[in-house]
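First the structure, which I've put down as structure tokens, then a few questions once you've had a look.
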Amino acid sequence: MFAESASAAPSNEAPRANALLEVEGVTKLFGPLRALDDVSLGVKQGEVLGLVGPNGSGKTTVINVISGLLAPTSGRVLLDGHDVSGKAPFRLARRGINRTFQIPKPFPALTARENLEVAHHGGTLSDGEILELVGLGGRAERLAGELTASDQKRLDLARALVTGPRVLLVDELGAGLSKTELDELAVILRRLVAELGMTMVVVEHLMGFLEQVADRVTVLNAGAVIFSGGLSEALADPAVIKVFIGG
Amino acid sequence: MVLYALIAGVLIGLFYGFAALGLSLAFGVLRVVNIAHGDVIVLGSYLAYELSTQAHINPLFAIPIAVPLAVAIGMVFYRFVAPSLGRSKDPEMLSLILFFGVSQVIEALATIGFSVNQDTLLTGPVGNASVQIFGQSFPNYYPVAAAVAVPGALLVMFYLYRSRLGLATRALMSSRADAMLSGIDVGRTSALSFGIALALAASAGALSIYVNGGVSPSQGTDLTTTAFAVVVIGGLGNPAGALAGGLVFGLAEQFAQSYEPNWAGMVPYVLLLAVMLVKPEGLLSRRVRYA
Amino acid sequence: TGAQAGHTRASAAAAPKQIVVGTLYASSGAYAADSLPQYDGVKFWVNQMNKSGGVYVAAYHKKIHVKLVAYNDQSSPTTAATLYSQLITQNHVNIMIPDFGSVLTAPAVSIAQDHHQLLFDATASGTVFFTPNNPYIVGSGIRNSAFWPQPLVQFLVAKHIKKIAILYDANDFDAAQAATLDHGLKAHGIRPVYYQSTATTTTTYGTLIDSIAATNPQAVIEFGYNTNDVPFLNTIPTSGHRFNMVFTVFPGQLPQLFQQEVGTKNLGYTYTYATPPLVPYSKVNLGLNTAQFSRAFKHSFPSVPVTYPAMAGYGTALIAQEALAKASSFTQLAMRRAIGNESGKLTTAIGQFKITKDGAQEGEFLPVGQVFPSHGGTTIKVVYPTSMATTKAKYPAPKG
Amino acid sequence: MAAAGAPEAAAGVLLELRGIGAGYGSMQVLWDIDLSVGEGEHVVILGANGAGKSTLLRVALGLLPLMRGTIRLRGEDVSGLRTDRRVAQGIGFMTEVGVFPELSVRENLLLGAYRLGRRQAQANLERTYEGFPLLAKFRSRSAGSLSGGQRKLVGVAKVLMGDPSLIVMDEPSSGLSPVAVQEVLDVLRRIERSDAALLIAEQNTAFLDLAQRAVVIEGGRNRFDGTVAQLRDDAALTRAYFGIE
Amino acid sequence: MPERDADASGQRATRARQWRRRGADLAAVLVPTVLFALARTVDSNLLLLVTIMVYVVLAQGVNVIYGFTGYLPFGYVGFFGAGAYGTYIAVAHLGANAVEATVLGGVAAVLVAVVLIPLLRLRGAYFAIASLAAALALSSLVSNPALTSVTNGPYGADLSKVFSAGGSYWMAVVIVAVAMLAVVVLRRSRLGLQLRAVRADQVSAGYAGVNVVAARTGAWLLSALLAGLAGGVYAWSISVFYPTAVFDTTISLFAIVFALFGGVGTVLGPVVGAVVLYYVYNAIGVSDPQYFQLIFGVVIVIIALFLPGGLAAVLVGARRRLALRGGDVR
């Protein structure tokens, strides 16, 4: 349909200047529910895009569509100019798109280290280094099912990192962390960008955290993009304040 | 012929659905794979048989007798095995072994108690007259079985979807820990569901002795298989799904018998496969998002 | 055949203390209903022998005590296989009688041949068992079911019945009968109006009967096991259809069971194969005759009805008895040779014993019987062939 | 409210945990923890990731067996009491996930008031729909189809449905947007005015504004127990939990 | 402690552990194989030994598909029957010798498994029942009179011209070795680890870059191959059989129960489970035939209630208690 005809003539729509990841007019329906409504966004190589919006606005759905868990109802996802919409997660993982989950999903009966051994290794860092990086160095031999909720999130992140993603999608990694821990996490993410040139989409409700991490934000409301630009401008935008910040 | 197969398929299908209800409930609520389900049906059939031949009571009275009996036995039994199932890492599979053993025990006891021969009831549930439906003549137990099955399933639906206890039961299906946190007495509710599941099986036995042309101790495995197929077609844990699955199974079987009898044994299973591949969670089921 | 199994070679030295008879039975599962009476028939013979001081063994010119070793295979062929092996390799049985029916006998055939152990086969008739290069099996009970319908073909032809419906179950026993009937009829220019198989597990017959009725047959022949025949017969009257002739296999073999499970009304005027004890053999030259057996068996096993499987168990044991009595040496092959020489000369309570070169029983003959209502029940009378008939067939079956 | 039977418990103590040791299998996670919540008192538990906050709450509810120590509810020893009985006595617990995904939002809410019986549940349902209009809109959707934050909201509302005299929550704010956090805080403030007690494990320090008392757990042991004001005075703790602002 | 030393001793320990592991693996393959090869000198009932070996292989096949992927195949007997009939067809129509025919039996089962790959889209009980349906359908296909020219339909299969008690016995020993090797290799390989991950959470496994479908399909085909070989050698060992004998659903149930009893996910559990339970089954039949089934049933119930997790769990539990988390128990 739309996606096909569009991909048949890619030259018509020249990709935005050096955008690594592009979401083009994606709509996603769940029955009658329009969870995403013609959402478009682009992220450049090495850029961190913050994705914010009230609960249920469609942030996770965007991540799900980009990462191949869901196929878009219409519209498409481009990686490096190639249409990757609807490809199986494992193929995307091997092509350099990976993610974490809002509710972490490790392999509970395997140790943290084994959780990483499972993965297709695509990056330059060793498993040990990655565990150190996310702060699980001391818990490598613990069963994943015995870790705390937030440690499981770190493990989720580590598992994504092992595959050596170019694009990392992070879904509310900061939820449930203390202030100190949030600061540590922000440092980790920035290091990934700086040292490995990673590109990120970060879903987060904690503005203090995004301030440290994101270069730019896109605000969703009811499945539609209502703002795109710098974080401080977003926080001053009346529409954003109304639906998201409150006050 | 078309009409006959259609009506017979619907009537027998409703019976199949009813015969599968208990299995669906036990699996859906308790994650218990009750391999002995068919053997409980067999016990129900023997109860009906004994009532009719020894006490000269209408065999359908087996149902009101079996229900409280089965609920009581089921509750006690479940209380007895629940701790072991609860401790297990994979309770589903443990229940499979456990009930495989139970099934062996029931079949052995039935063999010792009732001998290996097939036993048949010569008088129908409402006399021996056949029944005319749209000009076709059917054994009267076809509509009787359907007439018991439909309100039976409705009752189960009422219990699950309209009663407080049913809400508790479904909560339990969804998450044990969160059910406890809602103040639900998980042990009692589970035991009761298991009891009801057995009662449904035993009740189906009073009809099965007619529909399946008699009862014998070794029938259990086949009945379990059919019930499983029916439940899976319809979707686990959903009474309406069981009835839908029963209809699909019954119609497939009867139409095949009418047109391709030598493939009739295969047809319901091939159909089951087809349904599974098109709708992997069964015809009537709700999916939950992953992330 | 130079090489003999070890245990039989040892017999040249001294007479064994006992003759070990090995058999299997199924206390549960699909074959239990037939297997248990067959086992009872064997047990009956063992008791008889021991009461009379043992079985006569010609090789030692004396009677020797009989010991019965029986295991329970639960109707499982896999289990039966290991138990047959156990009977041969560990119990070193002298006489081996496999379990009821072809499915449970099959696992014994090759292993028995391999161990040079003769099988006295009571109720298995599979064509694959009897081959020229296997001398280690004799059919001592029933004939291959492929031969059974021959009198039935003749009967149908004689009655000028042209429109015939055949429904059979997809198993060796029934399919063989159906094929024979079909062939036999075609030889007389009769093409069945309905010729279909169905799964052996079928128990609901309403729709099948309805589609059979749609072909307007004069006779409906159903080949099944008793678990099929019972619901089949019970469903016809409620289906609203009537047939001039209905034939099923098992009422003749298990009349008490059918009387109880089908009843006079539904069973009346249907047809079946007449087997002993319905077809009595009063002049026998081995063991008790049919009537004597019925009486004595009832005395020994008051709660077990006298049925064909029980008689087949007994009759088979008699053949083994004769083999022991005639074989000049106490080896399995000698027994086989001795019993081969007796072929055609013996009549037991289940009829004539006559085997082909390959060991398949061919002496038995199954006349067509019809069920007649009688005071308080039914009796089955032979209606064909005329030479054996005790009454004339009532065709078409009276209404009501 | 008969606290009289318990010698140690001061009058008005609702929940009291004393000398608690607990863990998973053979691995001990909590060591000799004391914690009490008075009638109507609001307590916030702070602690780093992995400190044992969730574990402590699970123990209090009886989801995890005790290795050592006693738990008293209104002075009565409930250490061995089943979870559902504790809930029946008026404790409501919101877990980190906390909804029945296969059931509808409405059914989830009704289950929150299971212990109160049908009629009361129905009444509370109306009240909840007023308090959380979003949930009224979603009433017949299955909870499992909701977004993470929406589920959290259902979880919060569900606990409140049961009119518990002690509300226990494990990280109610995580995953909620700022507006939604405000909403939850507003709701809890309304409770503040009622006589229900609160026990909340949180990272979001905004919740401290609700509390009279804070408890800090580190490495499975008590590190601090005192008023919120005292906590703010402790420089080391302030740095760890509030960050340098 | 200087870092160097710590490193060196760590490496030594790792190498020692590796050697111990390899030794254990080798033993896991060799010990059962050799014991079965020697068993004929102790027990003259070769068919019993073959049957036990067949169940050992079947239990290992269940281990591969259930223990590693969580797919419980109620219809596992379908592959067994396909193997038996594949062997029959190879002998009767292709003129293969018995050894070739047994191997072709394995191939036949793999072919059936290929056709059934779409079943892997199903989960849990749905898969279990669908596989059973497939087996029942296959059984009724094989025994259908319409296929008499290929399978001999209801009239049964006759392989007696290639019968060889000794031959089939040794073939069974070889197949046991193959099965043991398959499980050992699978458990040690990354595929084994990936399968365990897939079992826990297939979506997460996908994001770990695991080709979930391929990994599962591999395990599925391997377990079909094992069942097919078992069916082939069983067909050879009894050589005369009917469709009902090799498509008997209790064969699936026995294999599953044996595997679970021994402990799935382990290498030796299913072997021990099959040997112990089959001997128990056989022994009850001998000592008290009257109440055979009753006793067998009660034994199973007792096992389920008091030995959940199987024998392996008991042993591992004991080892855990001795040395908390000792190396490679899982």
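As written, the chain order gives the labels A, B, C, D and E, with residue 1 at the start of each chain.
Here is the rule we go by: a contact is a pair of C-beta atoms (placed from the backbone, for glycine too) under 8 Å apart; a residue touches a chain by one contact, two chains touch by 3 or more.
Keep in mind the model is a prediction, meaning the values are calculated, not measured.
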Under the document's definition of touching, what chains do chain D and chain E have as common neighbours? A, B
Distance-maximising chain from chain D - centres being C-alpha averages: C
More Cb-Cb contact pairs, comparing B-D against A-D, go to A-D
Here the gap between chain A and chain E, centre to centre from mean Cα coordinates and rounded to Å, is 42
Distance from the CA centroid of chain B to that of chain E, rounded to the nearest Å? 31
For chain A and chain B, let me know how many angstrom lie between their CA-based centres, rounded off. 47
Approximately how many whole Å separate the CA-defined centres of chain C and chain D? 76
Can you list every residue of chain C that touches 2 or more other chains, as numbers and ranges? 27-28, 170, 197, 199
Two or more other chains are touched by the chain B residues 107-108, 111, 262, 265, 290-291
Multi-partner residues of chain D (each touching 2 or more other chains): 145
How do the chains pair up in terms of touching? List each pair. A-B, A-D, A-E, B-C, B-D, B-E, C-E
Help me check something: in the complex, which residues belonging to chain B touch chain E? 27, 33, 35, 81, 84, 87-89, 92-98, 100-109, 111-112, 221, 225, 228-229, 231-232, 236, 262-263, 265-266, 268-270, 272-273, 276-277, 280-282, 290-291
Where on chain B does chain A make contact in their complex? 290-291
Tell me, which parts of chain C touch chain E in their complex? 27-28, 70-74, 76-79, 81-86, 89-90, 102-103, 106-107, 109-111, 113-114, 126-129, 131, 134, 170-172, 174-176, 197, 199-200
Quick one: which bits of chain B touch chain D in the complex? Just the residue numbers, please. 164, 167-168, 170-171, 173-175, 177-186, 286, 288-289
Residue numbers of chain D touching chain A in their complex, please. 24, 27, 46, 48-50, 54, 96-97, 145-150, 152-153, 171, 174-183, 203, 205, 240-243
